[in-house]
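Shared between the two complexes below is chain A, which pairs with chain B and chain C, respectively.
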Partner chain A sequence: MKKYQALFTIRFSSGLQYRAAALGGIATQFAWGFMELLAFLAFYKANPGAYPMEFSQTVSYIWLQQAFLALFMTWFYEQDIFETITSGAVAYELVRPIDLYNRWFCHSAANRLARAVLRCFPILLVAFIVPEPLRMSLPPDLGQFGLFMISVPLSLGVVVAFTMLVYISVFFTLSPIGVRIVAALLADFLAGGIVPLPFFPDVVRGVVEILPFAAMQNMPLRIYSGHISGAAAVRGLFLQAFWFVILVVLGKLWMKLALRRAVVQGG
Partner chain B sequence: MIELKGISKSFRVAKREAGLKEAVKALFARQHETVHALQDVSFTIGDGEMVGYIGPNGAGKSTTIKIMCGILHPDSGGCVINGRVPWRDRVAHVRDIGVVFGQRSQLWWDVPVADSFALLKDIYKVSDADYRRSLSELTELLDLKELLKTPARSLSLGQRMRCELAASLIHDPKILFLDEPTIGLDAVSKIAVRQFIKKLNQERGTTVILTTHDMQDIEALTERIILIGKGRILLDGSLQELKRRSASQKRITFEYNGPEPSLPAGTKVIERGPHRLVIELEKEWLSVSEAIAQISAQVDVVDISVTGMSAEEMVAQLYREYAL
Partner chain C sequence: MLYLKFVSIHLKSQMQYKTSFFLTILGQFLASFTALLGVWFMFERFPEVEGFTFPEVLLCVATVLLAFSLAECFGRGLDQFPQLISNGMFDRILVRPRSAVFQVLTARIDFSRLGRFVQAVLVFAYAIPASGVQWSWDKILTLILMVVCGSIVFFCLFMVYAGFAFFFVEGLEFMNIFTDGGREFGRYPFAVYGEKVLKFLTYVIPLALFQYYPLLYLLDREQGLLFMLSPLGGLLFAVPAYLFWHLGLRRYVSTGS
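On to the complex of A and B.
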């Protein structure tokens, strides 16, 4: 365990170095968050009753999404992992007494956390002081907040386990671009990254809500505002745990296959 | 103890002729070609040995090393290192080995070298006491004191290679694989690296397997060489043997005044010019001093130099012999 801790620490601390990138990210996320909220506000003003979420719930959803973007974004990948595979430097990873899947999992989770820590506080601070109706509200009660706190790490786990599959695919395709773009866009859409899942048409929603993508940001962001609560929330956590386990097992098996057939590139 | 028996490995490589037409054709029917990287490779290396593994580019050196490190699975054949099959028992196996790939880096680019070392310490679960001892020893032997606080990206190639060596030895491995450790280094750094490897082998008794294109590395370090070409082992013997085989081929260069001398029996002309003659001794019964005596009896010799065959030439000759 200590080795993973060490790997986590070195990645986390090097992720904290990039202050300018964090500032840029914060600015982008403010702009994006406001824009989205203003668009939603216009819709809600036209017909407040026509939407599946209350406006205040949508507001919390979007602010949290922007604050914790680094944890949940499905389109963010570790460039060094891709390079390690395509350049053949993976040879050095394989002469270490450590499981490669766990090592990369740790690496990406650490980087996402480091980025989130740098970005979330200023965004949350502003989200709580902007004037109504754009102000973010507190969760309905402490229990709900507790569920939210369990759901966040589970989401992170599902997202990282998903990106691991994209990394492993590079052993076979040698170019990350194709798989990465398709996977990233599709996953972002189906996870509720563009429009929250409750806004999807009913027919589609029935299917989408049980996919692994629904176990990503969809859960914690809706649990926070109480849109999913009580037994439904607990079921949600189980869905997340289920997909987390499935994706990890799938990834590990696939990794094993990839390494058996691996060709280390470049001599 | 390293034992390889009948290891074979082939890769499938996509191939096509140059040109747009062929590229379009390859969209529909991809042509593959099987490259036999290793064919029936067998050898045994004992504990504490230092072995030079040589061969031209693409001969299969790195593939063999990667199989011995547990990175690649061979198609057939067996390999047992210290009682383990590397690729089947990878995690346990790699704890006992250290590897330096001369063309890659194992140091974290953005952080000071010492941080990379500390991380390796945790990955290999080295105890604090062992780590301190190992690090101070390596720091002294490789002169790393000034380098430890520097991020890897700001090191020169020679400095980096010294750090790479240290990084691969923090966990005190029993076997060290060096894949072209002196590639691109200047003369001073090369000598430092060689001295260190030699010391390591003598003092810690580490088994060292070295691949290189630099024959001076081989001359300075290894007793035994294994020559591989086109995926097969061609020669496995001592460097001394190889040297003895070609030692009789001494070359003598004369600068002289006077008419062209006649050649002593048992010699061959390599080069003949006005006032210059280069001969090679072909027969063992003719000694260098005898040949010199015979020539200088005929002409007024101004300058003489005698050269043996360098290891470089010996290997080039071997490659030619085996048509590699």
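On to the complex of A and C.
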């Protein structure tokens, strides 16, 4: 366990070094959230009752989404992991006395966390002081906030476990482009990255709400805003834990399979 | 002409990796398709926003998408310009006997960016009859102006982005608000975002000039010639964009390599 902690710390602190790049990101994400909300506002203005979330809930959802983008985005991949696989350098990794799946998992999670820590505070700060109706509100009560705090790491776990599957698929396809783009876009859409899941038509919503993607950003953001509360929120956490375990087990098994047939070319 | 030669070389080289080429096109297509689904979901709940209906908004979606994909296909070199500076390649460009802009542009022409183009054409195919516009010659001309001037404005934005690379090595991400953001948020008529945003996008970054104002003309909400020809006003943006790039070029100091 200790070695994973060390790995995590190293990656985390090296991720914290890119402060200038973070500044650009913060400006972009703030403006992005702002425009997104203005569009929602225009829709709500005509008929607030027509939409499945209250406007204040949508506001919290969007601001949190922008603040924690680095934790939840499904289209962010570690380029060096792809290169390790396609170049064959993965052979060196296999010699090390450390489980490859866990190592990559730590690496990705730490990097995402570092990026999020650098970016979230300024965005949240501004989100809490912009004028109404775009101001972000506090969660309904402390209990709900507690559930949110449990939901965030679970959500990060599900996202990273999902990206691990994409990395492992490269052992088989050797070309990361196709699978990566399609998987990332579908996951983002089904996780509520484009529009929150409650806005989906009722026909598909029943299915979409139980997919692994619903265990990503969808859950913590809706728990914070109070759109999912009480027993439903606890059920949501179980759904997240369930998918987290399934995806990790799947990933580990698949990785084993991939490594069994991996051929090191020498050289 | 030399430029056409470059176009054909890039096309040939990208055709060497056909699978990857078509998958990237598919990816581009899907990316804008999920955004389109998002718009549709909103209209499923309530049929209009700020007085615009779904087919009318689709005209906006398609115009912006088509303009953006054209600009991105031919202006991709500008998009990757920051790398040219940071790896010192730009010095090689400066010693060659052709204009720097020309060489940067021809360094990369990316046809896989046309995934969005395909989608935009499909959306137009639906929206042009469905929007209820009485198509006449002047309106067809307006629509063409919207697309052509739109792609020039996006192209100029890429140029400003490249210009910033002369001044900053990091943190260029904020320009995405205007390029990618212009594409994403251009799916709704810009008046939706309120008066201040509309003013900004009229007088500072003229995205609304090829989108919102001529759209009003197409939908018969405004009659004036000013609205019909407003996309031409957006072309003025080329002047500051080029000057900015030029200013950057003049104070360029090599990073060494």
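Heads up, the rule we're going with is that the second predicted complex is superposed on the first by the 263 of 267 C-alpha atoms of A that agree within 3 Å, B and C clash if a C-alpha of one lies under 4 Å from a C-alpha of the other, contacts with A are read in each partner's own complex, and residues count from 1 in each chain.
Everything below uses one rule, namely that a residue touches a chain if its C-beta (ideal position, glycine included) is under 8 Å from a C-beta of that chain, and two chains touch if they have at least 3 such contacts.
Being a predicted model, the structure only gives us computed values, none of them experimental.
Per the definitions stated earlier, placing chain B and chain C onto a shared chain A by superposition produces no clash, and the two fit side by side.
In the superposition on chain A, the chain among chain B and chain C reaching more residues of chain A is C. After overlaying the two complexes on the shared chain, residue contacts for A:99 are found with chain B alone; chain C is out of touch.
Touch criterion met: A:7 reaches chain B, while chain C stays clear of it.
Vertex at chain A: the C-alpha centres of chain B and chain C lie 90° apart in angle, rounded to steps of 10. In the superposed model, A:35 lies in contact with chain C only, and not with chain B. In this overlay, which is a superposition and not a single complex, chain B and chain C have their closest Cα atoms 9 Å apart.
In the three-chain superposition model, chain A touches chain B and chain C at no common residue. Of all the residues in chain B, the ones that touch chain A in their complex are 11, 62, 66, 69-73, 90-92, 94-95, 97, 99, 101, 103-106, 108, 110-111, 115, 118-119, 122-125.
Residue ranges on chain C touching chain A, taken from their complex, read 19-20, 23-24, 26-27, 30-31, 34-35, 37-38, 41-42, 44-46, 48-50, 170-174, 176-177, 181, 185, 188, 192-194, 197.
Here chain A touches chain C in the complex through residues 18, 20-21, 23-25, 27-28, 31-32, 35, 38-39, 41-43, 45-47, 50-52, 175, 177-178, 181-182, 185-186, 188-189, 194-195, 199-201, going by the rule given at the top. Interface of chain A with chain B (complex): residues 2-3, 5-7, 10, 14, 17, 87-89, 91-92, 94-99, 260, 262-264, 266-267.
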